[in-house]
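All chains are identified by letter, namely A, B, C and D, in their written order; residue positions are counted from 1 within each chain.
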Amino acid sequence: MSNFSRRALGALLLLPGLAAAQGAPRRGGSISVAQCSANRFVASAQTARHPYFTVDLTTRIPYNALVWVDRQMRLQPELAIDWQPASADQSVWDITLRPGVRFHDGTPLRAEDVVASYELHRQRNFASGQIQKIEAMADGRVRFSLDAGNSEFPYVLAEYQNMIMPAAPVETIGNTGIGTGPFRFASTDPNRIAVYERNPDYWREGFPYLDRIELHNREGQQETALAGLRAGQFDMVMTIDPRSVRGLQRDADLVVDSGGGGHHYVIQLPKHPGSPFEDKRVRQALALGVDREAIVRLVYGEGNGWVGNDSHLVAADPNFLAMPRLPRAEAVARARALLAAAGHPNGINLGTLYWSPQSPEVGRYFQVLQETAREAGLTMALEQRPADGYVQFRTGENDLSKGSFHRFAMTAVGPRNPGISLFRMRGDFVESGHWRGAEHDRYMALYAEAMREGDAARRREMFAAMQSLLHEEVPALLPAGTMTFSVRRRHVQGFEFHPQIWSVRFDEVWRG
Amino acid sequence: MRWGWMRREVAVAEPVLQVRDLCIAWRGADGRANRVVDGVSFDLAAGATLGIAGESGSGKSTLARALLGHCRAGSAITGGSLRLDGDDLAALSEAELARRRGRVMAMVPQNPLASLTFHIPVGRQLEEVLRLRAGLSAGPARLRAVELFDQMGLPEPERLARRYPHQLSGGQRQRVVLACAIACDPLLLVLDEPTTALDKTTEAQVLELIRRLRRARQGAMVIVTHDLNVVADICDQVLVMQHGRIVEQGPVGAVFAAPREAYTRVLLGAALRVEEASRAAPALPGPALLEIKGLGFRYERPSLLRRAPLGPPILDGIGLSVARGEVLGVIGESGSGKTTLGGIVAGLLGGQAGAVRFDGKPLPGLAGQRTREQRRRIQMVFQDPLSSLNPRRRVGDAVMRPMRLFQGLDQREAARAAAALFEELGLEAGLLSRFPRQLSGGQQQRVAIARAFAAQPDLLICDEITSALDASVQAQVLDHLAAMQRRQGTAMLLITHDLAVVWRMARRVVVMQGGRILETGATEAVFRNPENPYTAALLGAASRAARAGRPEQAEARA
Amino acid sequence: MRAALRRPAALLGGLLVVLHLAVAIAAPWIAPFAPTSLLDAPLEPPGATYWLGTDDLGRDAFSRLLWGGRVAMLVAFAAGAVAVLGGALLGLAAAYRRGAFDDVVMRLVEMKLAVPTILFVAIFVTGFGQSVPVLIVAVGIIQMMGVVRTARAAGIVLMEQGYVRAAQLNGESGAIIILRELLPNVADLLAVEFALRASSALLLVSALSFLGLGISPPTPDWGLMVEDGMALLESEPALVLAPALCIATLVLGMNLAAEGLADALGLDAARGGGG
Amino acid sequence: MIALILRRGALSLVTLFLLVSFIFFATEVLPGDALDVSLSADEIATMPAEVMARRKAELGLDRPILERYWGFLGGLLSFDLGRTIITRAPVADIVAMPLRNSVALAGVTLLLALPVALAIAMAAAQSKGRALDNAVSGAAIIGYSIPEFVTGLLLIAVFAVWWPIFPATITASTDDPLSVLLAAAPLAIATTIIGSIAYLGRILRVGLIEVMAADFVERLHLSGIPRWRIIWLHALPAAMIPGLSAAALYAASLVSGVVVVEMVFAYPGIGAELVRAVTRREVHVVQAIALAAAICVVLFNLLADLGIAALDPRTRR
């Protein structure tokens, strides 16, 4: 019996992990929330309520997924109360649905709704393509058949688009905005405003507390959102720049919440012939030369960020294996020694590092990275590229025969489970800089094994071995990451922020 | 016709206007004061008419405005007095002046089109003066306006009152501003260049109207003009100005008959005197150099994408020929098509109908389509000497450019040739390195002529080449041009509105009006015995100043 | 030029521009620290070492201020030059050729008026990257179309001048006529246009930086400093106000200089600035 | 007049065609397409290549560029602006309300700024070269020299945060009645007005100074007509004429050009929609907005022509 199911069975009715609020929660009232993170979609009036076209942060206001990931990145039951692999290679999974759940329109949640929802997700959601077949089974169970073993499949069921909607054809499903969440849509203004009202039949007994939530999209316009907060128009602003935290904390009326973890950046190191990164020693020197603590201290502020370990894992993940820390002087000395050994005694020019403003602090992040790497003899130029089309830009044409290769460039990495995160370092993907060789093959073999492994403790060992490989080989650089932050006025209580912004819940928020 | 609004009684003995040592100065951008009217004194009695004559820049218009107590921004009365009806205008406040303007003194400004508000019907503009200055209420003002228009000889005054200034002819506009000025029967009426914008026929009519006004009114009148013919026509006294000073003043007859000052003589000399023999060069024998048959021109039809006025024919059935070495005068007023004709021969305009042959071969329309040799052989001198030279290039460049282009001279040879050419035209070789603005108008025009001769042309087109020049330098430029023309045996198409220029330069003349040729013939024959009434009118208007100096004419006027 | 300097406002404008230029050019020598070095703790208060304190990455705010106008001014002046040169040649060529060429040029000008500026820059920057040369070209083209109109209008007047006609009659080539006869005579106009275009380019660049399409870090830039500092406005107002003041005084200086120059040359600066 | 309108119409069609083609091909040469930019790096990291290819085919993004171009032009000819690529929503629905809001903002701005600009210009022109003129022109230049986002943020800091009498950000919906929307946007309107007054004031001042030097003004002055009457009845209408075209172009540029203000105040206008559409590579939305902006230019120009015709009888034929 897997770890997951045991824990899941223990939490049959109530969601644990949500911190207790101060004082006795009060019912009723309304709050107005602004959010600043980028929303990649252009919604129209038809699609404004579709889980794919709402802001990530708000998907769990009207909707629920089968599984929820808590602040410690652990799986928690949501619409599913149990999940079990039905085959030894972890490629078939059976899910047991929570009984007695009703959609906003009063119809009960059935296995068919899950099947219909996943017909869409299978085609559209990036992580759900592995699902080959979904079947409704007797007594409220659903069977998922995957294309290969995936011991971390339940994390897919918690992904931000994978919400459960009432059954409908793929073309129209989700447009009604009907879900099972604590609130239901009252009105929407695409890309701008969503107003939600309390769902009186919410399956979590006694929740939610609030009568109404008004959400205002202020993507990329944090100053306006914060001005609105100070002017009393908003009660809360979510996903704010870590730099603003210091100033906001000084204001006695405001409370800054940290999600306890969040995104970070991968810097892909192209390893084609002629690239300086072909030489492992240069990569190692870079890993040593970049002052990760300085990035955390200067860009995020002490305690607001974390030091990365050159894997795609975030520090909040229980599987995260920290790198050994060296005093700065020693790290620089070692980096210089490695460079000298690689034939660059006077330092090396690494060319242009491309970056894109995928979050507000990126510019400062890479300035610190550039300056501290310089201390170790690694110089580089920085060039900004627009966020729009950037992911393709960094990938390039990637045709070695034409002399075109992917670029020395950064990309943002979200906080996800090891099964998704560690897969990103595969050699045929650009973020690993097309890592090749025996170590890569060993890494991928370990990955494949872990994905078939049902036991969490054994899996954890394999993940640790993979991370150690990355520390040694440095196929890519992932120096440091940030927490996520939101700020609220004191009277908003019972709120906790989350490292995955799409897992934020408003069930227990109340107005004092 | 009754002139009932002129009832003012004025003591004849005392002058209405007394100007003493008047000085007006402009403060330039450099902060230095520049006197444009310098110690001017004169008296003007009621009923008298004074003509202030002078060329542009003589300060006569500044003086005219000062007679209403007005100086344009940047200028001020710096000395002297200006007594009108007992008050010193120079000492009055702006408010007191405003009270008198329009009532005691009024002005007919120079350019009637620009001087009328373009977006208000002319009737309302006159009513405005009548209501605000003559104190009439709306109804009577309207009636009075129509009455005034009628008295000004304007046709259908009621309908005309509803028209906008641009819908009126030049003569009608002049009458409208005249009506506005005399609306309150001012003691002093100042007319600034009242006929400059008009053609000769209209000029005669307007002058007749002014003469009638002068007779009917008892107030004094001042006419500012550069045209001595106008002074001769209607003034009793004349005051000749140059560089802000009075050169000569006195009764018209006396001054014109026996000018004491050289400058006055030059001004008068520019007037046409048909009595004297023409000194124009004869044509060389041989076939015609330029032959034009049935030439017609109109602007293109507007395309969907371009807007071009589809006017009436600008030229219609023009036929003429110019022999080698011959000077052909083309006479006509603005709008007669004479400049278009010159432009077509020169190669500036294309798309004409009819045949133009040069030296026996058909001549393509635009210069770009002509051969290099044809371009060299046909050259042109333009009206405005300043604009015909690139202000950013040394004048030597302008003259040397055709030499290098057509004769293939190198820099040194061209410089030598240019110096020689300058000498022939009476210019110092040192001027070659100057910029156009550093030269006088006459020098500029001679440089332009030098540039044309630098190409060693066979045909020179001269378009109003003296009209922008002072009378005193016109003669000089024409003399040099004539001498060059004779030396080089160049044929010339001399386009001008100035009959004196044709008289002096051309053996043969073509008279144009409305795009057609009215009359062609030997200059002497045409000028002495014009067949066409229009030619006669042109000639009549052009020779009054000359006649004014003759005793019998002066007596006849009195 | 001398007449322009006699006007106090124009003199002030000229002085402001010259001062800013001098500081920008001399910045590498007069700045006490490198503008990108991480020197000390973040947000140190002003003192003897750091005259304006340190910014939130621990860099010397004063040194950054001295450096902060360099790239913006480079872009603005270079874009102004691109606009004026390109615009003058295109406008004069349109005035010279007229006909279909003129029609095409005028359609291009109209098109530029119809394409929102932000869209134009966004397409440009997304396609070619956010580097300084790309910005110069994009901003230059935007500013150019106004110059085309001005130069064309002036060129049409000049085409009627005797010296241009004389050159045409002598069969001079279009290039010679445009370069020899027309261009030198619009020089005054272009000087004013340049000042106007450069100041408007500077404003545009700062707006683009605000939208994330303009100058990018690690370049020390006033616009970026203002944008960056807004988050700290309440606690560290100097970090916003000092660079904002620099932008404002520089643009003001350019506008005053343009106005004074235009006034002295008898041109019409306000209308030239439109479009 | 009708000929003029027809001529303008024909020219505008040419311009619009060029514009549409320019935007289509310009957005085509950019890296990525609507699908790519709708996916995050996380998603692309995990999405298999064949899934990506299948989705592109579904969305029609793999068709040759010319085929899509002709399809788009064909749609335009039948007044169909097309649908968004990802959500398949009619573009017209997305563009209509923001366009209304932007036109309203531009209209209100112009309506409020023009009289003020006029008053300032008249005050300045009346006292050309004197203290009042210098002060007013100086203020105009300063107003013109401050970036819009600085003005906007300062207004928010002062009038919404320190002295909270106006909302800092606009929380009204895109399709709220205009009265509600505009009432929620006093600071946004103030920001656009400040820039507009500076710009329009400068243009009008120059026009007025020019006209005050005209011959007809001197004639009226020399007829003893009072100065106020000369300015109001004679000079002002004449001074408006050259300013009108510039003001029209300015108004048209306001419709799509107040992106920064729309961003700072979250005004639901076409500029912000445009930025969103460009960054999401929704070519059809970009096209529709550019077309709308171009049509605004054409219409405002036409309005200016009509205004000029009303003011200047010389242009009526």
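Criterion: contacts are C-beta pairs under 8 Å (C-beta built on N, C-alpha and C of every residue); 3 or more make two chains touch, one makes a residue touch a chain.
Please read all numbers here as calculations on a predicted model, not as lab measurements.
Trainee: Please tell me whether C-D or B-C has the greater number of C-beta pairs in contact.
Mentor: Pair with the higher count of C-beta contacts: C-D.
Trainee: For subunit D, which other chain has the most distant CA centre?
Mentor: B
Trainee: Between subunit C and subunit D, what distance separates the C-alpha centroids? Give it in angstrom.
Mentor: Once rounded, the distance between the two centres reads 22 Å.
Trainee: Counting in whole Å, what is the centre-to-centre distance of subunit A and subunit B, each centre being its mean C-alpha position?
Mentor: Computed value for the inter-centroid distance: 85 Å.
Trainee: What whole-number Å value describes the gap between the mean CA coordinates of subunit B and subunit D?
Mentor: 49
Trainee: Which residues does subunit B have that touch at least 2 chains other than itself?
Mentor: Those would be 305.
Trainee: Give me the residue numbers in subunit A that touch at least two other chains, ranges are fine.
Mentor: 220, 223, 386-389, in rising order.
Trainee: Mark out which residues of subunit C touch at least two other chains, giving numbers and ranges.
Mentor: 122, 126, 230 - these are the residues of subunit C that touch more than one other chain.
Trainee: For this structure, enumerate the chain pairs that meet the touch criterion.
Mentor: A-C, A-D, B-C, B-D, C-D
Trainee: Quick one: which bits of subunit A touch subunit C in the complex? Just the residue numbers, please.
Mentor: Those in contact with subunit C are residues 220, 222-223, 241, 243-244, 246-247, 250, 294, 298-299, 357, 363-364, 366-368, 370-372, 382-389.
Trainee: Note which residues of subunit A are touching subunit D in the complex, please.
Mentor: Listed in rising order, the residues of subunit A that touch subunit D are 32, 34, 40-47, 53, 124, 126-127, 129, 187, 189-193, 214, 216, 218, 220-221, 223-225, 227-228, 230-233, 358, 386-389, 391-393, 411-414, 416, 420, 423-424, 429, 431.
Trainee: Considering the complex alone, what residue numbers of subunit D touch subunit B?
Mentor: Of all residues in subunit D, those touching subunit B are 7, 10-11, 14, 128, 213-216, 218-226, 229, 233-234, 237-238, 311-314.
Trainee: Which of the residues in subunit D end up touching subunit A in this complex?
Mentor: For this pair, the touching residues of subunit D are 30-32, 36-48, 51, 55, 84, 86-87, 89-90, 93-94, 153, 156-157, 160-161, 164, 167-169, 171, 173-175, 263-266, 268, 276-282, 285.
Trainee: For subunit C, which residues are in contact with subunit D within the complex?
Mentor: Where subunit C meets subunit D, its residues are 9, 107-108, 110-111, 113-119, 122-123, 126-127, 199, 203, 206-207, 210-211, 223, 226, 230, 233, 244, 247-248, 251-252, 255-256, 259, 268-271, 273-275.
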